[in-house]
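Okay, so chain A shows up in both of these, paired with chain B first and chain C after.
Presenting the complex of A and B:
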């Protein structure tokens, strides 16, 4: 059974979700100081709430991805107190159920790529718990956004692990939701109680489906391209700021750090970036990736070659965020256009 | 409770053996046993200080785990100030192990430099514990910067030379009084000794620059890449192939390594040292 339900308007949907906010943390895209991010709706100003519909239904993902709600940029997993020589250790409380409204197919697939790493044995329990606790309400785009390359990566209509699909019926202004998982069914039931209604049809997205790049072909082309002087040139342009990796929805690298002030402290993990020399530099000073060329090359090879070999998929969803924010204009296309093959004609 | 593989368990420090000016061996007793094989590693941590990966230097089958740790950074500095009876965090074991099956029936050549003897010691002792499985001749070529920097003195000067069929060759980089061993770098000593590669497997660990020249010398004296095994040290955080940093091409040193045959390393596109 795939029930479709409808809200009379986006406003009604938001109100219904608001009613559920004692049970779920509800996050949706808005702007904060002019930058697009997912934020809890209960913390939004009226002005911020007015942005949610546009950003949820737009043909482009918000700048900040949904990743931080499943893999936070900083996450404490041990808290401790050291008092009079006695160590007292606590683990922080479990995560709460959450609804992410207005996720995009590229972000959904990026989570599926992170699943391949974090849910593979030994399972990352911190991530799994949030993944299991998250209901994704996904809007499929009707056309490609300006920086989007999701068609190259075959994800533009992908709905794999979405719990509910969302679209707007332009003629009536109704917001339609179609459940496609158990979590989605449960939320649909709850929304019906909050005044949404059953609806006979769902409006399918219009975005054209193009043949995606073949991951093995890209991987082979990359491997053949390893010795190219191109990587030196690219390293000359890159300033090593790591912006690409912090906006990337598929980057999963992390650091583990300890913090202590006086009697209290914590051990936490935090996003890290392969673009920093410290990422691989050891305490004794040795660094297996000492140059920027090594690091730039590693980032692109991880996405376009190593991930294919290890996980059977390209490690990029074509969301375009890295290219949009790179201060020197390096994007996935910068590399894809150079390695040969069918992407050359772009 | 969330199943978090990053969560350490407690281990009691039962003994600390000073090895050199900046190396100490820590005998630890984890609250639950960690079954390891030679070549594997474990994460040691102190809350509020940090966590790092160290190779397990004791062989399997002891009722403690030993880690020989050089004082080089923030965590190791604090570890060196510890005393028996105190507690550290531990998780693991991680990584693959030395190819204990594939080297059965082979002559074994161990080549170590400085603290690099630590992972080899687990394998050396493992093979000595099982003379029936590893009956062939063994040889250790081990060097350090100075006589003060040689570690495991009780093994290299006393226990191992007493073993049947085990030749121990020691070197130091610089001349020292009362030193009658070789003076020079380990790769030079290796070349001078030129052990016979026939039916032999060489296993080496040491500082990156030493490994680099030892590998070259081994090939020069006739060893094939599939007769050469090394173990790599990379910066690691998770130890389980997820945090990203220790990759060498598509392999993670923490889980696909740290032990590699040179024949496999030669296939890598990236420099492994």
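Presenting the complex of A and C:
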């Protein structure tokens, strides 16, 4: 039987995790100026700490996904300084073990999709290091949030690479954790030492499981839809910002840049967006995606067609962040509702 | 259906039927609750999609400069602030008045969460002037807070007042925290109806004055401060920058602060209402020389 442990309350769980913060970076969802993000619990104000339980157990992901903790917005490869005519090159320190509390199934699956890209040969070392060093404590939702489409993408109960599942027993107020990986087992052991107790049962989530969209069908419908005038209309509405891509938990494009000041500098990678005109611009000036229509199409086709062809899965987890934050109201539904097949019946 | 929406659909259908325009750019109901989104209608029978309500926030004028709108005869729905942005574009020779059919609408004030947008509460130009547009649609259901005199700058800039009272250190911490959340998605820039440079300085290839990093160590403060200065005397106070920011950064405070300072230095000027030149686009011989020796103090 898989070990289940319980904390008397969420507060006790947080305290126990606090005790481990010399060993792990512990992050959890909270709000900063009203905006929802995962933040290190050691840097939270009391007010921010009081938000953690609600956001960790809520049936909706926070605005910021867990992605930045595995694939940071900016990440340094090397730092260089010039001294006495000699170049000194340093690589930054290795990543620290981290615990992500209150991740959602959609975010877990999004990491599994990024795994397909970054952990296949050639393996992305920076990502792998963090992935191996991360313990995910996942709360399965009991129902769907307002903008959630996880049921369409079949991820609402997925917990494949979660290390620990978390659930609240409403009658006793206990927080239950069920380990389901080696990393999860180790953390469970550590939490037992910090005052949590073994528990006979785990509470399973109530979210109903619905039949997901068939990835091949969507891909075919998308391919048949490529020449539709719909794309021109959509591109005329899109304002070409990167909100959809930067808040998407599965987007994983980056650019490599140098930053230099006199005698020192750094080479770093930083998120890039296929919505930017210079995303595919080449050294000679040629751009294979010269218009916004090309770029808008690329975003949707990458998620709903190319990713299926290359990786065998839809590249969207239905978290709803892009649609929620798009300044002109473009969402995955905007496209899914227009392509052929059974999706139209929605 | 409200009166403006009804008349708007009628005008749009007529313009398209008579071939006076190729497309009508307005708003339609979005997929989410309490959301209206930009909508392009090209067929008379689709004119019934158009609506105008208190969620029709997006400034539409900016679209007119987009490539896909060139060589098309466009009719566009404009609120007061949006018409100010249009007038700036016109004054700056970015587009011709005769190329566009303007449908001015009386704005009831846009929603800001549950409340009314603070921009709208101090707006005294909700409705474009009749002579500036081709059709003017009035009869909006004006909420009580929007009736009567708008708040003046001193009253409506309450957040600025709060910031001005902070110590330098507190203020620095405030902006550091806010701007550290910036991901440089450029939504604020792309949504701003007066941020209209043909090539934005931040889109230049490998500029050596700013990095592209998106983490806390990045130079977001430069991006936002440069942008605020670039639009300072041209801001039409539509509030789009703050509305669209996914990180909830109160970017409008930068613009409001600059507007307030400009008012002090140059007298009141309202971009897109008063005639050009804008305060910062010309200089008088007798102006104090801030960059010379005397001004340095």
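In this text, the second predicted complex is superposed on the first by the 345 of 346 C-alpha atoms of A that agree within 3 Å, B and C clash if a C-alpha of one lies under 4 Å from a C-alpha of the other, contacts with A are read in each partner's own complex, and residues count from 1 in each chain.
By our rule, a residue touches a chain if its C-beta (ideal position, glycine included) is under 8 Å from a C-beta of that chain, and two chains touch if they have at least 3 such contacts.
Computed from a prediction, not measured in an experiment: that's the story for all the values here.
Trainee: Identify whether chain B and chain C fit side by side or clash on chain A in the overlaid structures.
Mentor: In the superposition, chain B and chain C stay clear of each other.
Trainee: Of the two partner chains, chain B (first) and chain C (second), which one does A:242 touch, if any: first, second, both, or neither?
Mentor: second
Trainee: Name the contact category of A:33: first (chain B only), second (chain C only), both, or neither.
Mentor: second
Trainee: Between chain B and chain C, whom does A:125 touch in the aligned arrangement: first, second, both, or neither?
Mentor: first
Trainee: Using the superposition on chain A described above, determine whether A:268 touches chain B (first), chain C (second), both, or neither.
Mentor: Once the two structures are laid over each other on A, A:268 reaches chain C alone.
Trainee: Touching A:233, do we find chain B (first), chain C (second), both, or neither?
Mentor: In the superposed model, A:233 contacts chain C only, not chain B.
Trainee: Counting only touches as set out at the top, which of chain B and chain C does A:85 meet: first, second, both, neither?
Mentor: In the superposition, A:85 contacts neither chain B nor chain C.
Trainee: Between chain B (first) and chain C (second), which, if any, makes contact with A:327: first, second, both or neither?
Mentor: Once the two structures are laid over each other on A, A:327 reaches chain C alone.
Trainee: Is A:310 touching anything from chain B or chain C once the two structures are fitted on A? First, second, both or neither.
Mentor: After superposing on A, A:310 lies in contact with chain B but is clear of chain C.
Trainee: Regarding the shared-chain residue A:282, is it in contact with chain B (first), chain C (second), both, or neither?
Mentor: first
Trainee: For the superposed model, what is the least distance in angstrom between any CA atom of chain B and any CA atom of chain C?
Mentor: 7
Trainee: Please report the chain A residues shared by its interface with chain B and its interface with chain C.
Mentor: Looking at chain A, the two contact sets intersect at 255, 257, 259-260.
Trainee: Can you check the complex and tell me which residues of chain A touch chain B?
Mentor: Interface residues on chain A, with respect to chain B: 77-78, 80, 82, 87, 89, 91, 94, 117-118, 122-126, 128-129, 223, 226, 252-260, 265, 267, 269, 272, 274, 279-284, 286, 288-289, 294, 298, 301-302, 305-306, 309-310.
Trainee: What does chain C use to touch chain A in their complex?
Mentor: Where chain C meets chain A, its residues are 30-33, 35, 37-40, 58, 62-63, 66-69, 177-178, 181, 183-187, 189-191, 203, 205-206, 208, 211-215, 217-218, 240, 243-244, 246-249.
Trainee: Which stretch or stretches of chain B touch chain A in the complex?
Mentor: 1-7, 45-52, 70, 72-76, 87, 207-208, 233-235, 237-238, 240-250, 269-273
Trainee: In the complex of these two chains, what residues of chain A are touching chain C?
Mentor: Interface residues on the chain A side: 32-35, 37, 63, 72-75, 146-147, 232-233, 235-237, 239-243, 246-247, 255, 257, 259-260, 268, 270-271, 273, 276-278, 291-293, 323-325, 327-331, 333-334.
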